[in-house]
Amino acid sequence: MSDTYALYNSTVMDHFMNPRNMGDIRDADGVGEVGAAACGDIMKISLKIKDGRIEDARFKTFGCGSAIASSSMATELIKGRSIDEAMNFSNQEVVDALGGLPPVKIHCSVLAEEALKAALEDYIKKHPEKAALAAEAAPIGQIVHAT
Amino acid sequence: MSDTYALYNSTVMDHFMNPRNMGDIRDADGVGEVGAAACGDIMKISLKIKDGRIEDARFKTFGCGSAIASSSMATELIKGRSIDEAMNFSNQEVVDALGGLPPVKIHCSVLAEEALKAALEDYIKKHPEKAALAAEAAPIGQIVHAT
Amino acid sequence: MRSVFLDHQSSTPVLPEVFEAMRPYFTEAFGNPSSLHQHGLRVREAMKTARQQMAALIGAESEEEIFFTSDGTESSNLAIKGVAYANERRGKHLVLSATEHPSVLNSVEFLEKQGWSYTKVPVDAEGLIRVADVSTAITAQTVLVAVHHVNHDIGTIQPIADVGRICAEKGVPLYVDCEASAGWLPVNVKDFGAALISFSPHRFYGPKGVGVLYRNKKARIVSILHGGVQEGGRRAGTENVPAIVGGGVAAEFARREMAGRTAHCARLQKRLWEGLKGAIPYLKFNGPAPGPNRSPLNLNLSTEFIEGEGQLLLCDLNGIAVASGSSCVSKSLKISHVLAAIGLDHALAQGNIIMTLGKDNTDADVDYVVESFARIVTKLRGMSPMWDEFERGIIDSVIAPTGRGKSFSEHAASVSGKSAH
Amino acid sequence: MRSVFLDHQSSTPVLPEVFEAMRPYFTEAFGNPSSLHQHGLRVREAMKTARQQMAALIGAESEEEIFFTSDGTESSNLAIKGVAYANERRGKHLVLSATEHPSVLNSVEFLEKQGWSYTKVPVDAEGLIRVADVSTAITAQTVLVAVHHVNHDIGTIQPIADVGRICAEKGVPLYVDCEASAGWLPVNVKDFGAALISFSPHRFYGPKGVGVLYRNKKARIVSILHGGVQEGGRRAGTENVPAIVGGGVAAEFARREMAGRTAHCARLQKRLWEGLKGAIPYLKFNGPAPGPNRSPLNLNLSTEFIEGEGQLLLCDLNGIAVASGSSCVSKSLKISHVLAAIGLDHALAQGNIIMTLGKDNTDADVDYVVESFARIVTKLRGMSPMWDEFERGIIDSVIAPTGRGKSFSEHAASVSGKSAH
């Protein structure tokens, strides 16, 4: 076979094969680890936050190709955002940035959103002085499911 | 295609393509015409009888290839037989002489037997003096169905 | 000896281009489309193309409305049973025409054993339904109407668009079996108002082993062969990839060449029809005359005073391949239910011959058939007691009554002791 | 890059000899076997030969016991539903093993909706049923026992002959799905005591588009796809002649070359098994060890701490075609029911990979796979939070417990808020 065929589009395949921001942050300011009840995937995102802004984000994922790509893309998107911006982050951004996911894989992007928000929650728990900031943003759990 | 494929065996095909004794006998001594309730075929056999022996037999058939072959073979087999021999004629003889018929076509051989016996009956009706002879033979209608 | 294939209703040879398109999918691209690796992904792409080609042939909006099955029969079964089972709670009544293919009729009869009921819409002497009868047959319990586009035996074209309008009004999905028309006549899901359409590429120079079922997304249907989640969960089982690919290419060719192929066949149909009519007396043509109500491929005739199998065999011995609806050629010893439905006299049903034209038939083929068929009829009539008895005035002709003698049926009943079925 | 096909369970390429045998049946001998003319009669002969070849492969007495369907799934459906419908009056209970293919399981579940009941016989941790459990499950209402020969996921060989004896004693027909064994392991209708056996040539270098169902003449069965009277009235629809012919030739080759093919695969299986075991820690092999209870083709493993789809994709990117029973590769997001039935921990089911060998795999292929797979596992474990947490003593290994940390399942439940299914 001369051509190569792919299960996912080229952006997803690229993020799966060459994941961005893979790893853990030593002395992270917030860490979130969540699991997908649907399929058993697990995703962990750690954040470095400075002056109310996400300076660095890293992920580790136990999951399929689209879960790995979703966490890679989510960490890419989130870097440089303020906490309140990040609190409004939605899985649809991941789906769009990846150029789409198969319908059955949309939940992978949801997992990335959840991991990020869990990490932000963790940060806020450790830094209660930032709670006010977070309150203004969208409540955690308000997830946009692509249709 | 180089080979030829046939629906029936070569004996049946031969009797279908080159039927023996096809036609009517002018001034026949006995004529029988019967129809198959199963499929609608019609067969007619006419006999020339001399000295209690079948001198000539002819058929005409409205029916499929195996019906034509069966009547051709039946007339071949019956020529030269005595009336009482002919009264004991069974469709199985036709089937055997033809080298077999497909199961669904066995009724064609039965029709040939029936046509022959109807012709013999006709002869006996016209020649009541022969009735005693016939009584000794098998009753008409006692047909051997191949299984 | 000349070889003339006049049985395109039963099968067609695969186009060379179709064969070439299939070839790599046997050996090189042999993957299972369910596999997630290169071998699987490659054939998925090919199947998608085939789905698009099928959709294009019948004017379907999206290739996602195309399901692949193993043949026309399975498509009919899926359309009928799949819709019936999916709508069980809504109602358990079906409407169908009397001349549907056995794959439709027998599916409906199977459902009857499981508690469904149905209404059979009759046809007239040319095989046409009356649209008003379909309308009357539909009840509040009806979950499906099945009317085929073209009849496989007598070539009658049903007024599908009108049936579609009735079904739309009443809110009942319409299933149109297009096995005898797709690839030859325009079939369009929207013009037909059809929720489901089935057809098979092996009828238009594609391979055997694949059937197509179009299903409008609004029509509910469930699987009837259970297992994996292939075909969107509507048809389990490993897909016949080479046949699907080849079928798609055949659909593409059929769409592009349809007008030319049809015109060619229509011209030969007329030549054959007129040739036979001129050469052989006591011939009845069944179904509508060539024209808007008849498939341009099909000729269905009854040769009076002789039986069909003999005609078929002698045609074959002369290199001519034809079919017959006579009881002698059927494994069940019954005449074609289509001939029964149009009320054809039993004697004529017995003498039935079906000729179906194709794109490769020629004028010379037709002329050879006319000449050979006339000889065959003469030979068989010479062997038939009926012809002799007709000539002697003992029985009469059904086709051209002379007023002399008994009818064939009366005569047959008297010699067989039973009336013909 | 080397290309290694290790997914022979999903598909196999067609042998060149099989392709050549099929070729004329697309174009030259394109007839419909129902036709009574040369074109039909010629393909009938070819189908008869194929039937004999199929019968020979499984030691059936007569080719008349062989029915052709469109695939293994249809054969399963016909075996289950065809026997159930035919024996409705005798009883409405079925017995099957817990690890049957979905085409069997889902057919039985469909019948359940129509009023049948069934008993599922469990399997042990290696996928084996206990024959005594089959015996206990059979009631006076049981009309069919279904136990497959070899499992498609974990390669377990069931003690079919013993099941056959129980069924004979109890007078209940036994259906054996041999899709994952026929053509590779000896399958014999008499040794098995089987009333019905199904298999597909596309699993042993034959074409897709044909399935086989052997049925002993004593077992009653009715059609499930209704229509014409093809296949002795047991399967309506135009036969896929080229695939039937090709399938017959593939069966012939499989029979002649079986011993050699099997020995070759068994050797590679051992090499692969030992190679992987030596190269990669925390690997669990599912199903029986290579030997008399295991198919010589199949290797089923679970790589702890990483998920299956990622492994499959990276294998593919390295030219290696494999399958997986993980939930992420299934369209329903469920792990293989076979892995669930053997009680495999969810974490291990998620990390599942299935490798199936074929006659053309080589030692070099195996060595390449071992080396590549070790790299792939290292890469994915480096990306997995579970591996990290295992190394840090937060969670424990299922395969080789250290006594430190929570179990994976506890951990997964705590982070997902729900227990894994």
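Structure notes:
Letters are used for the chains, namely A, B, C and D, taken in the order the chains are written, and counting of residues starts over at 1 for each.
Just so it is clear, contacts are C-beta pairs under 8 Å (C-beta built on N, C-alpha and C of every residue); 3 or more make two chains touch, one makes a residue touch a chain.
All values derive from a computational prediction rather than experimental measurement.
Shared contact partners of chain A and chain B are C, D. Comparing the CA-atom centres of all chains against that of chain D, the greatest distance is found for B. Put simply, the C-alpha centre of chain B and that of chain D have 57 angstrom between them.
Rounded to whole angstrom units, the spacing between the C-alpha centres of chain C and chain D is 37.
Chain A and chain D have CA centres that are 38 Å apart. Multi-chain contact residues of chain A, defined as those touching 2 or more other chains: 7. Contact with two or more other chains is made by residues 28, 36, 38, 309, 313, 329, 331 of chain C. For chain C in complex with chain B, the residues that touch the partner chain are 305-310, 313, 317, 326-329, 331, 333, 346-347, 350, 382-386, 388, 411-413, 415-418, 420-421. Residue ranges on chain A touching chain C, taken from their complex, read 1, 3-7.
Taken in their complex, chain C has these residues touching chain A: 28-29, 36, 38, 41-42, 44-45. Across the interface of their complex, chain D is touched by residues 7, 16-17, 19, 22, 24, 33-44, 60-65, 67-68, 104 of chain A. Contact residues on chain C toward chain D in their complex (touch as defined above): 5, 7, 10-14, 16, 19, 22, 26-28, 30-32, 34-40, 69-74, 76-77, 101-103, 106-107, 109-110, 114, 200, 202, 207-211, 224-229, 236-243, 309, 312-313, 315-316, 320-324, 329, 331-332.
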